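Taking it in order: structure first as structure tokens, then the write-up.
Chain nomenclature is as follows: A, B, C and D, assigned in order of appearance, with residue numbering initiated at 1 for each chain independently.
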Amino acid sequence: MLLVVLLLVPLAIATASFYVRPRKAMEAVNLVGFGILFLVAVGLAAQVLAAGTVSFANSFFYADSLSSLVILLTSSVALVCSTYAIGYLRDDQQSGALGDNFSPNQQVGQLRMYYTLTPLLVFSMMFMAVANNLGVMWAAMEATTLASIFLVTFYGKVTSIEAAWKYAIIGGVGLSMALFGTVVAYYAGHRLAGSDSLSGLNWSVLAKHAAQLDKTSMRLAFVLILLGYGTKAGLAPMHTWKPDAYSEAPVPSAAILSTALLNCALYCLIRFYILTSRCLGPDYPGHLLLLFGLLSMGISVPFVLVQKNYRRLLAYHTIDHSGIMATALGLGGALGSLGLMLHMAFHTIAKSLLFLCAGNVYQHFRTDQFSEIKGSVIRAMPLTGMVFLMAMLAIIGMPPFSLFQSEFLILRAAFDGGHVLTGVLFVLFGTGVFAGALIHVGGMILGPGGDKPLAAPRPWRNGSLLALAGALVVIGFWVPAPLLELIRGAAHVVSGQ
Amino acid sequence: MMERLIDRMIENVTQLFLLLALAPLVTGVIRTLKARLQTRRGPNILQPYRDLGKLFRKGMVIPETASWIFAATPWIVFFSTVLAGLMIPMVAADAPLGLFGGVLAVIYLLGLGRFFLALSGLDSGSSFGGLGSSREMTISALAEPAMMLAIFTVAIGAGSAGLTEIAGAAIGQNWRFLAPAQMFAFAALALVLIAETGRIPVDNPDTHLELTMIHEAMILEYSGPYLALIEWAASIKQLVLMTLLINCFWPVGLQHTWFGFGALQGIAWLLAKLLLLSCAIVLLETVNAKMRLFRVPELLAVAFTLGSLALVSTFLF
Amino acid sequence: MIAELFLSGIVVWLAGAMASLALWRQPAAARRVTCGAALAGSLLDLAASAAAIFSGSPAVIGLPFGNPVFTWAVRLDPLSAYFNVTLAVLAAAVSLYSFGYLREMEGRRNLGAFGFFFNLLLLSLALVFTASNAFFFLVAWEVMALSSFFLISFEHEKEKTRNAGVLFLIMSHAGSGLMLIAFLVLASASGSLDFSSFHLLASRMPALQQGVVFLLFLFGFGVKAGLVPLHIWLPEAHPVAPSNVSALMSGIVIKTGIYGMARVFFDFYGAPPVWMGTVVLAIGVASALLGVLYALMEHDLKRLLAWHSIENIGIILMGFGAALMFRALGHGNLAALALIAALYHTFNHAMFKGLLFLGAGSVVQATHTRNMEKMGGLIRRMPVTALCFLVGAVAISGLPPLNGFVSEWLTYQALLAGFGTTQSLTRLMFPIAGSLLALTAALAAACFVKAFAIPFLALPRSAEAAEAREASFPMRAGMAVLAVGCVALGLGATWFVRVFDPITQQALGVRASSALVMARGLALSPGTAHGGTISTAGIALIFLLAGAAFAVPLAMRWSRRSVKGPVWDCGLPGLTADNEYTATAFSKPLRMIFSALYRPRREIQAEFEVSPHYPSAIRFESEIELTFEKRLYGPLRERIMAMANRMKGIQAGSINVYLAYIFITLILLLLFGVRG
Amino acid sequence: MKPFLDMQLGDRIVTLMAALVLVLQIAMVTQRWIVVHIRIFAAQSLFLAMIAATIAWFNHAPHIYAAAALTVVVKVILVPILFERLVVRMKIHEEIEPIVNVPISVVISGGLTLVGYVVAESFYRPEMPGLGHNALAVAISLFLIGFFNMINRRKALTQVLALLSLENGLFLAAISLTYGMPLIVELGIFFDVLVAAMVLGILVYRIRETFESMDVSRLRRLRG
């Protein structure tokens, strides 16, 4: 039942904010709506913790701890970002960044587009998470692309249209590969339950009979799926759209894309990984995932080292981390899966925080080039500067922040599993990214300070900033027991143990 | 127990007396011999005593730029040198103050003195002092490894780093020093001795020619009793190093312990050997000219090579 | 009891950190809270660890925080306790000093942030020394690195400072990467992260693995300890930090590397192959020699001290190397001797290097420059500082009767005894190392003649130096504590070596002190056959007696006959500071002798007015080349950057190319992935 | 009515039409005129619908008729009309040279077809009814060629068309392998395709507006 509510809430938000007139109303609708959504997600998590799995409409909707974790993360990100967006978009509107020489009406139109498309995006992510049928899951995934394209073109700049085009085309190709994979998987399993029966594509069913699936088809299916959803997850070499899209979209949307949407793509990958590993044994999918994971981590290093633009830097960081998570999935096992799930949770917090900080800096300095900011952040905006530095240190795996713990787990899985080379490369790339990020971001935040005046107080933005920062610090020392339970549950789903 | 302590006291006092008394004499002897070798009449052998006496009676001029370091240095130098002197076997194998330190202590006590001497050289602010300190510290630093290698070799031969044991092990086998290891070590140590005591070809103790002096430059600002202390300490240091050299390598006549007649015998032998060594030094000084400062490292490099040769040859033979 | 004390120390530090951060708007309050908390925490820690050294069973303490996936626990065994004592003593002195030192910064800098990271540093150090499993160790390690990073880049408006901080953090992180790998290899062998499960584990692993893990640890910890050639960050980072932080950095932070090595070499390894000891010994010699050689050329007082840290780490490593070799050759007692020498020197270095940095801090605060050439004559303006600095200088030069001499003497003895332990050629290493140690010590003495004489003696070389003011009382007190420590550790050697019994017992199963102490605690002996003895106490005693009996009375008599007079200046009109020997001039002979290493570059510009023989002004400038920075790291960095720039071509912007990547991947996977 | 229930016949028809679809795909690679391009796409989709209908007839799988009908509605009627409108509004007629010139493109397409067969060959199951492997090979080839066509084209609109033709390959695979996905899934997919086509159309239009051209090789501002 909650599953349906979960879908209805964002739909309601979308329709409401499409029809209400004044800006404040739209803001209120979004804020309240996502607040409710978050509560619903928490409720669902509670149910899952109690019952193990929740399903509805003869298991057309289906949620286990894995999907419930993804839902929880998505809804919390959505809530924080909608809070942040209020301050962010108001600032944009005053500074006329929404598009030069726009009439007030057009500006409100822009805002409406944002406030309508974001809930739609969230809606499709929710749908993807609760859909039991792999085909429906695919459809939902495609819907996320469609919903987010016009968020990328939000500012209507030349570059943003270019970014949107690349996003759309590459994403489209990727998703059609994913669909192909789904079809083949269906073929691999369509003799279990009679064909054309809806349940033939139900994950719960396939997972049950994974052993009887047709092996050759599953091999093909997994390759296609890996490339397909890997494109959405931004695994190299399908990652090329990410830096463009993330650096052009409005910051709150970029935050959602780089955390929640990444989780969703990985979620799809995980679902198929489970099927494949149960059918073919963990080695075949595992090695492929390791290959792509390491490639993504490796490819992000040089770009981080010589990056000039901090929003693109963050994008490459996301590529790095999707690589890390793919590696974790490839390593599998109890440790690997636990590491993966913890990392997903931790990364979601840290990365969204980073994007919000970047947003603050961008709106104050009106540039996303390191060279033009040159170490005046800490002076002009002490809070943002501090949090930015902290979050950056967290994301590059510095203790006591939590990402170190998950990466430590993953590495341990690597060495215990005898993947020594993987472990060594992991550390090597990690150091490279560390160096690059530290040099650039450190140089941007610390320094003599420039002519920029002290930034004006911005309650909405800094509020959400502080909330996330607090969460980031606390979670390094103490993870709430239920959350940890949920994560462990998800890890169990992945490792099948 | 008690009388053991008293014996020690007596030994210490005796050796102390020997050090203080002999040191100027050795300097005097060397000077006179050198003069004679250069067919000069030269000063009286006892001249150094007279100099010291005169200096002690004189008043002194303290540079107004100097600090308390300047006043403290002569004492530290003097005491540390004498202390080092009590740690080496002169008459009998067991050094009176052997318990307080062995050869390492000797070297480092001399080092302590040198450290403060160099400080005082810089203390007055005169550029000569600085020049002297800089050169002194450089040369002694370069001399250090050769000395240490030689000592290691000797210690390895004797199976100990304690001077008492070293000397003791050497007693009786008077021709042991003919072993290649010993020879090399001896040569190395001899070179070091020359560098440390500031003799030609490294330094010229008699010169006051600005650009060539080393030790003299450091103490240029000293006068009166303080100068006396320092000069005395310098000659004691020379005596100590010479004794060290001869007693470690050629312990002829060295006694095992101090007892009445033997002690006298030991002293006699000591004097004889010192005389011999002085002659050698004089010979060396007259046939050599003083080196340029930047040739000195080469000399010490030779010493180091000799030391390592000695080491290797203990390994081979 | 121990546990409670230790925990309360941790809590006090934590509270101090939080409180001073909260008080960042009231500088004075923040300063007091910072230093007070640091001091109190150190004293508590001192009590706890001092008790822990001698308590038979190591205290295991679980920390109240931490998440269920990993356990956060500490264990206070003798080794950890020993390093904790070192930390606590130094930290106490430094926090005392900081009461006065930080007052300068009030209102000009954010003391709240400083206090936060300062206390956090102490906290993390204590945890690094005591962490009982690999995970927690790494957490503490990185927190330490982070807080040091923020303290180093505290004056981050200077670019040099920023770069130094970043360089430090990157290298430190690379080092911890190596450690991480090594730990995980061990963990995968033992199936647990607990240090207790690593005990003697490494020696049971296959030879190759053993060697690799050893090297990983050696270099991983070596980065932090500042071994040559991993040292380049150290002379950059230590000087730019505030001086009380530099004291901590050089005194104790680099010792975490030493602690890690001790933990690994003597706890995880049973009897390692001989080559390991040989490697450590060789690296130790190299670090000692290069450290002091570069120090000699330095005229930045704090940089000079930083280079000396590298030298002393080298000396400590000589002890470790010898101990490892002895262990491999089966000489437990000698191993104990060498280990004692190394650990003793660790403590000593913490004392005198901390003292020297604090002294340098007072001087820099008084003269507003780190350049020795602009100081001079300070012994009159700041006598106490000068005296303390002198004590430190004598101690670090290894001169009797202070503590530096004792530990170097022990090292010599170990090396001396080493020759007899084997017949193979490796035994030549011991005497060679010994002689190079002698060279190092002598050069250090030369260097500290310069480092003391140029700033403190003769005439002031600049206006600032001329009206320098003596350090405030807390600063003097802080320095005095450490100076007393240096003296006590020197004279009380025979008493102090007993501390090592539990450690050698734990590491090697040997209790050595009884063999080391002779003549009712009057003298110290190496405990080997005939090693010779040493009695610093006796030497000091004789000095005192002789001084009292002769020096004082005679000096008083002579002073009646003495007059103040001008310095001999070749008859030129009066001596000025320009006539004085400079630090550059002082080190000139060595610069020429070792020019092969330094590759000095000099340029002289003279302006002539009257005749070409009498220049009216001469500008002399000389600089040496830092070999490793220039030949090793520079090219490496450039190569990496060039490669990265070439890689950027991947993201050239053409969507057709982007699609082609995917297409090719797809084809390849279809052809080779699917059909298996 | 006998022959019309004969599997053999069905197999023949499906294979034949699949072959035609493949030919049309390759023709699309060679094609320069955008309008013709669109029409070929429509024709291809029509053949696909017929294949679907045939399969539905011979296997008595009524829900595939729905899929066929949807194909006709969406891909044969709506999308082509939409795009031709777009073409008219933007007054564009001719595609500029593809990146790889025509003959080589054809050769490459041939090679890709081969790849398709190589991959599909491992799926051949004698025990399974004949409609299987041949069509899969064609489907994969369609997919790959469509993909290649996307890489090969410079004009935004043609890339979109290539994308859609690539999805035709998917559709063929779906119906010939598994006799179509479950209906609701099909509905979802077709809805997505329709929306995607519209969204992409709008994008194309905005590109045309901002860049005064549809040449995507000009979209190279974002690098590094």
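A few comments on the model shown:
Keep this in mind: a contact is a pair of C-beta atoms (placed from the backbone, for glycine too) under 8 Å apart; a residue touches a chain by one contact, two chains touch by 3 or more.
Predicted model, so just to flag it, every value in this text is computed and none were measured.
Across the assembly, the chain pair joined by the most C-beta contact pairs is B-C.
Ranking every chain by how far its Cα centroid lies from the centroid of chain A, the top place goes to B. Between chain C and chain D the centroid-to-centroid distance comes to 70 Å (mean Cα coordinates, whole Å). Averaged C-alpha coordinates give centres for chain B and chain C that are 35 Å from one another. If you average the CA atoms of chain A and of chain C, the two centres end up 45 Å from each other. Centre-to-centre separation of chain A and chain D, using mean CA positions: 31 Å. The residues of chain A that reach two or more other chains are 165-166, 169, 173, 216, 220, 243, 303, 306, listed in rising order. Each of residues 119, 122, 147, 150, 216, 219-222, 224 in chain D touches at least two other chains.
In this structure, the chains touch in the following pairs: A-C, A-D, B-C, C-D. Only residues 61, 63, 119, 122-123, 143, 147, 150, 156, 159, 163, 166-167, 169-170, 173-174, 177-185, 188-189, 191-192, 195-196, 199-200, 203, 206-207, 210-211, 216, 219-222, 224 of chain D touch chain A when the two sit together in their complex.
Across the interface of their complex, chain D is touched by residues 648, 651-656, 659-660, 663, 666-667, 670-671, 674-675 of chain C.
Residue ranges on chain A touching chain D, taken from their complex, read 133, 135-136, 138-139, 142-143, 146, 149-150, 153, 158-159, 161-166, 168-169, 172-173, 176, 179-180, 183-184, 186-187, 190, 195-198, 200-201, 216-217, 220, 243-244, 247-248, 303, 306-309, 312. Put simply, chain A touches chain C in their complex at residues 165-166, 169-170, 173-174, 177, 216, 219-220, 223, 227, 231, 237-238, 240-241, 243, 284, 288, 299, 301-303, 305-306, 338, 342, 375, 378, 393, 398-400, 402, 404-405, 408-409, 411-412, 414-416, 418, 420, 423-424, 427-428, 430-431, 434-435, 438-439, 442-443, 446-449, 477-479, 481, 484.
Against chain C, in their complex, chain D makes its touches with residues 99, 115, 118-119, 122, 140, 144, 147-148, 150-154, 216-217, 219-224.
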